[in-house]
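Got some structures for you, see below.
One chain, subunit A, links the two complexes that follow: it is found with subunit B in the first and with subunit C in the second.
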Partner chain A sequence: MARILVVDDSALSRKSLKEILEHAGHEIVGEAGDGQDALEKYKSLKPDLVTMDITMPRVSGIEGLKSIVAADEEARVVMISALGQGAKILEALQNGARHYLTKPFEADKVLDAVAEVLAA
Partner chain B sequence: MFSHFFGHYLLENKHITADQLREVLALQDSVRVKIGILAIDAGYMTAEQVETAHRLQTTFDMRFGEIAIGKGYLTEDQLTDLLSRQSKRHLLVSQALADKGIMSFEDIERVLAAYRRDSGFSDAEYEALKENDMDAVAASLARMPELGDPEVYADYFALFTRNLVRFIEPGIVIRRAEKVVATPFGHLVHQEMDGRFKIFTGFSGSGPAMAEFAARYAKMPMDGFDDLARDALGEFMNVQNGLFLSKLSNDWVELELLPPECQSDGIIRAVGVAYAIPFSLPFGEFTFFIGLGSPIFN
Partner chain C sequence: MSATLAAFTPADLSSEDQSIKNLVEQAMTFPASALGGTVHAFFKEHPDADGVAVLDGDRPAGLIMRNEFYQKLGSLYGRDLFMTRPIRLIMNPAPLIVEVSVDVASIAVIAMNRDPNHLYDMVLVTEEDSYLGVVSIKRFMLELSRGRGRQIELLNEQQEILRLANEAEILHRQQIEVKNNELRDRNEAVKNLLDNAGQGFLSFGADLAISEEYSLECVQLFRVQIGGRRFPELLARHLPSETQATVDEVLGGIFLAAKPLQQKVFLSLLPGELIIHDRAVRAQYKLIRRQDEIRMMVILTDVTERKRLEREMAEERNNVKMVVRALSRQSEVLSAMAAFREFAGNLGPDVAALGADDCAATALAEIFRQVHTFKGDFAQLGLHNTAAALHELENALAVLANGPPPSREALADVLSGMDAELILERDVAILTGILGESFFGGSESLRVDKRALLDLEGRVGSLLSGAAREAVLAELRVLRRHNVKDILAPYGDYLAGLAERLEKAVAPLLVTGDDVFVDRVPREAFVKALVHVFRNMIDHGLEDMDERLATGKPETGTIACHVARAGEDMVRLEVSDDGRGIDVARVLAKAMQKGLVTPQAAGSMAPEAVYDLLFRDDFSTRDEVSLLSGRGVGLAAVRAETERLGGAVRVESEPGRGSRFIFTLPLFPDETVGGTGRMAA
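Our next item is the complex of A and B:
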């Protein structure tokens, strides 16, 4: 089971992801509300995996992804986006994201994506 | 849908009291049955299949029946049968008014004729209202001619009303679109979509009404219009706009979704062209906004 950092500006989305991941036995080691906060928590918590919302105020998920990958090129980041954000998902994958999920979450898809990234 | 539109008219014109309207709607709500329940009742679908179809409606803008047929849960003939069971529902409100002794048949006939005249609906639109064709009614009320591509924006509003029915409450009453000059709001949740052009959308309401909206969307109780409620309303906007942008990207238009935001106790002014569409749900009054560019708040 993995140690996971959940990054989303919405407490409701963080709660929903936490419930899905913890129910499957993963440990949520920290939560962050924007890309800057995510980088700081990534450095101090050293999680196995990060779920990163794309659309966040202040420092976006794409910026957060870039800074985490710059700090650790082995970082495993799963991007989260609303529907209809194909261009942003592509940009994230080009910048080192390992997988992506769309909101609203489906538990099976979340756990499949996490398992796939951890196994790679 | 007809009963809510007509009921609202009866209330506004003081033909009945708010208590009587609640009583009438409760009576007809007690027999209002959605397709999913009808399908289970008829033995056409299992509860699990109905749940799956409902869940898929959060990621695909499709009617329940379309999904059920696509997944092989229902045949075309079974869907036609279920829809026919739902028809004539517009008569329920009249029946409830008569059964409760609130109005005589003569009164009902007279007021229905007055409603038809005052509503300004064409024959086709009035039929659409009676048939619960929300898309046709929303398109008729959401005429926004000064926006660059009015059909796109009317489609956006039709999607918004479908999402209200799916996730929040089917008893919607919509009023006609009006241009925004300076419209005050209590609490507003809004989101911009940016790219080749910029679209602004959102909706406003009182604190208790927005909190109830959030509670219904998140399926959890809310302690008023707090951060959790704001998050839930932001997620509703993400789903609404994500579904809209998915359709738009099929036409090779890619817009970036900016984070949803909340404002309280202000006035919204359009920089470009913007429209407001007031709508009512049983738990409060709301105003939907859509426009080009970014609005100004003060």
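Our next item is the complex of A and C:
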């Protein structure tokens, strides 16, 4: 089971993800509300995997992704997006994101994606 | 490639003289709003007309064939139904429509693959999507047979050439044989594709150019021949503008991707559903390896009809999901709505307050982000109509954000269309419709008619399947459970009424302790039996006002319930009063009088054993049966119900200070102990 950092500016989204991941036995080692916070927590917590919302205030998820991948090119980052953000997801994938999830979350899909990224 | 092969591939048949342009005839056209009677009049006037085309502006919308028209009119009520109503109701809304550039041979195969009822329907022809005319099957067959003649001639000539070559150049025989095999394989491949009418197949490699071996269903879907065209360009006009640009890049990414997961993630970004000429088409993508080359195969399936049925089901299913989620997360739904209303209400003033120096673009970005977050939150809570409405708004804001920096007025203009009530309206209506006004009544707890809940459970069972059904049913089962504190609360009214009749003063019933959720149904009898405990307390336990004042107690008596979890699987319920306590001497006297205890035994009985006598079904302490209690069955019934649930009850009492009934009851395996249940309690 993995140590996971959850990055999202919506407390409700963080809570939903946390419930899904913890229920499957993963450990949520930290939460962050923007891309800057995410980078700092990534450096100090060294999680196995990061879930990263795209649309966040101040420093967006794409910027957060770039800075994390710049700091650790092995970083496993799974993007979180809403429907209709195809272009943003593409940009994230081109910048090193490993996978993506769309809101609203379905537990199965979240866990499958996380498992695939961890296994790859 | 040999010349013989060319005669068999659709692409080579599309040369100028094979196009259907020369076959196009003019048929009468009507707008879709025309009345059935008008078409009837036309057919009567023109006995030679086989059919008419129905147009929507300059685009073909449907077809009416004479035979079918009169068949429908001839049916029961048909005349009344259709003569005075728009012909869109009677037309065939999905006739065969093709661009004029498509060749005769391709259309032949498609037309002959049609449903037998429509085999002889005219084919509608468009040029740049605008209606051009029709091709009748009669003319079409004539042309086709001439075409066949030409093909046979061509084949004969080429076979002759082959034969000559064969004779003349014996050294090349092996080569020719190879060619022949290739030819057979190729023909076989094309034939296989053709046989698969009903699904469109096409494929392309890294250059994204569609190979000539595609199935004719593709022509039926796209209305043009697609061989050699770049796939993203073919798709572009059938995609929403925001997706067009990504498809090209995503396809590039797939052919560049090094790892299978990367390929898979990119594949999932391709549009799974397309709207092609008003038909809903499902697109599946498969990567196939041919020797060293990776090719993408695309399978297209027309799902228009299925979608229509599914849409109706999905609407219902989403509503059920929404209601269930809203029930179990009521406080979150209410607070999300309140937050959204506040946000929406402040927007107008906020934008109006922007000074000349403030940047409207910055404000727009912030508003966009917040709308986006609200959309995500509402979707998570299952309010799908609200999420959809916010998605629309988000699109409008995105258009503004992608243009030149907006003026304050332009921003205000877009936002003026945003009315929180309008956006929430549909979901509020659905929730109110099923759950009643009380859902939004502001109270944190909600009364739902049990039948409504069971009905909902039934609908979940029939509309959902697999893991989704289990998840929703689990949420519903939680709802069927009640907080033990809520189950006890109604005794408050009961006590108040009883106290009034007995002229005793009782403070409102106090219920405290842990949140423990249980299914009420199996405990119904127990809860009912508890009434005897309350009766006994108010009738026997609590003193009247004068007596209380005389002993220095407040004149108002107190009865309280306390719920506590006891380990993993038990719950403890205490019901206590601050009355006079149990009079051990009086209980013993009564027991001896009834012959339940001998005087000798009575002398050495521990208080607990004495209290235990109260639960015997042949015991009652009152000399006279009072109006309310003292029939001697009450507490016996309480113990029976407690034990039936596998629980136990005991009594503690202190003279002058009150008594306490302590129940220890098992939780059933799937019930929730503690306040971790997500139900708003």
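By our rule, the second predicted complex is superposed on the first by the 120 of 120 C-alpha atoms of A that agree within 3 Å, B and C clash if a C-alpha of one lies under 4 Å from a C-alpha of the other, contacts with A are read in each partner's own complex, and residues count from 1 in each chain.
What we mean here is this: a contact is a pair of C-beta atoms (placed from the backbone, for glycine too) under 8 Å apart; a residue touches a chain by one contact, two chains touch by 3 or more.
Here the structure is a predicted model, which is why all the values come from computation and not from measurement.
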item: Combined model on subunit A: subunit C and subunit B, fit or clash; value: clash
item: Touched partner set for A:117, first subunit B, second subunit C, both or neither; value: second
item: Partner chain in contact with A:13 - subunit B first, subunit C second, else both or neither; value: both
item: A:108 touches, of subunit B and subunit C: first, second, both or neither?; value: second
item: Partner chain in contact with A:41 - subunit B first, subunit C second, else both or neither; value: neither
item: First, second, both or neither for A:66, with subunit B first and subunit C second; value: neither
item: Touching partner for A:93 - first (subunit B), second (subunit C), both, neither; value: second
item: Between subunit B and subunit C, more extensive residue contact with subunit A; value: C
item: Colliding region between subunit C and subunit B, picked from 44-52, 98-106 or 134-142 after the shared-chain fit; value: 44-52
item: Subunit A positions touched by subunit B in one structure and by subunit C in the second; value: 9-10, 12-13, 55-57, 82-84, 86-87, 103-104, 106
item: Footprint of subunit C on subunit A - complex, ascending; value: 9-10, 12-13, 16, 55-57, 82-84, 86-87, 89-90, 93-94, 98-100, 103-108, 116-117, 120
item: Of all residues in subunit C, those that touch subunit A in their complex; value: 242-243, 245-246, 249-250, 253, 259, 261-262, 264-266, 269, 332, 336, 366, 369, 372-373, 375-377, 379-382, 391, 395, 467-468, 471
item: Footprint of subunit B on subunit A - complex, ascending; value: 9-13, 55-57, 82-88, 102-104, 106
item: Sites on subunit B touched by subunit A in the complex; value: 55, 58-59, 218, 227-228, 231-232, 234-235, 238-239, 241-249, 254-259, 261
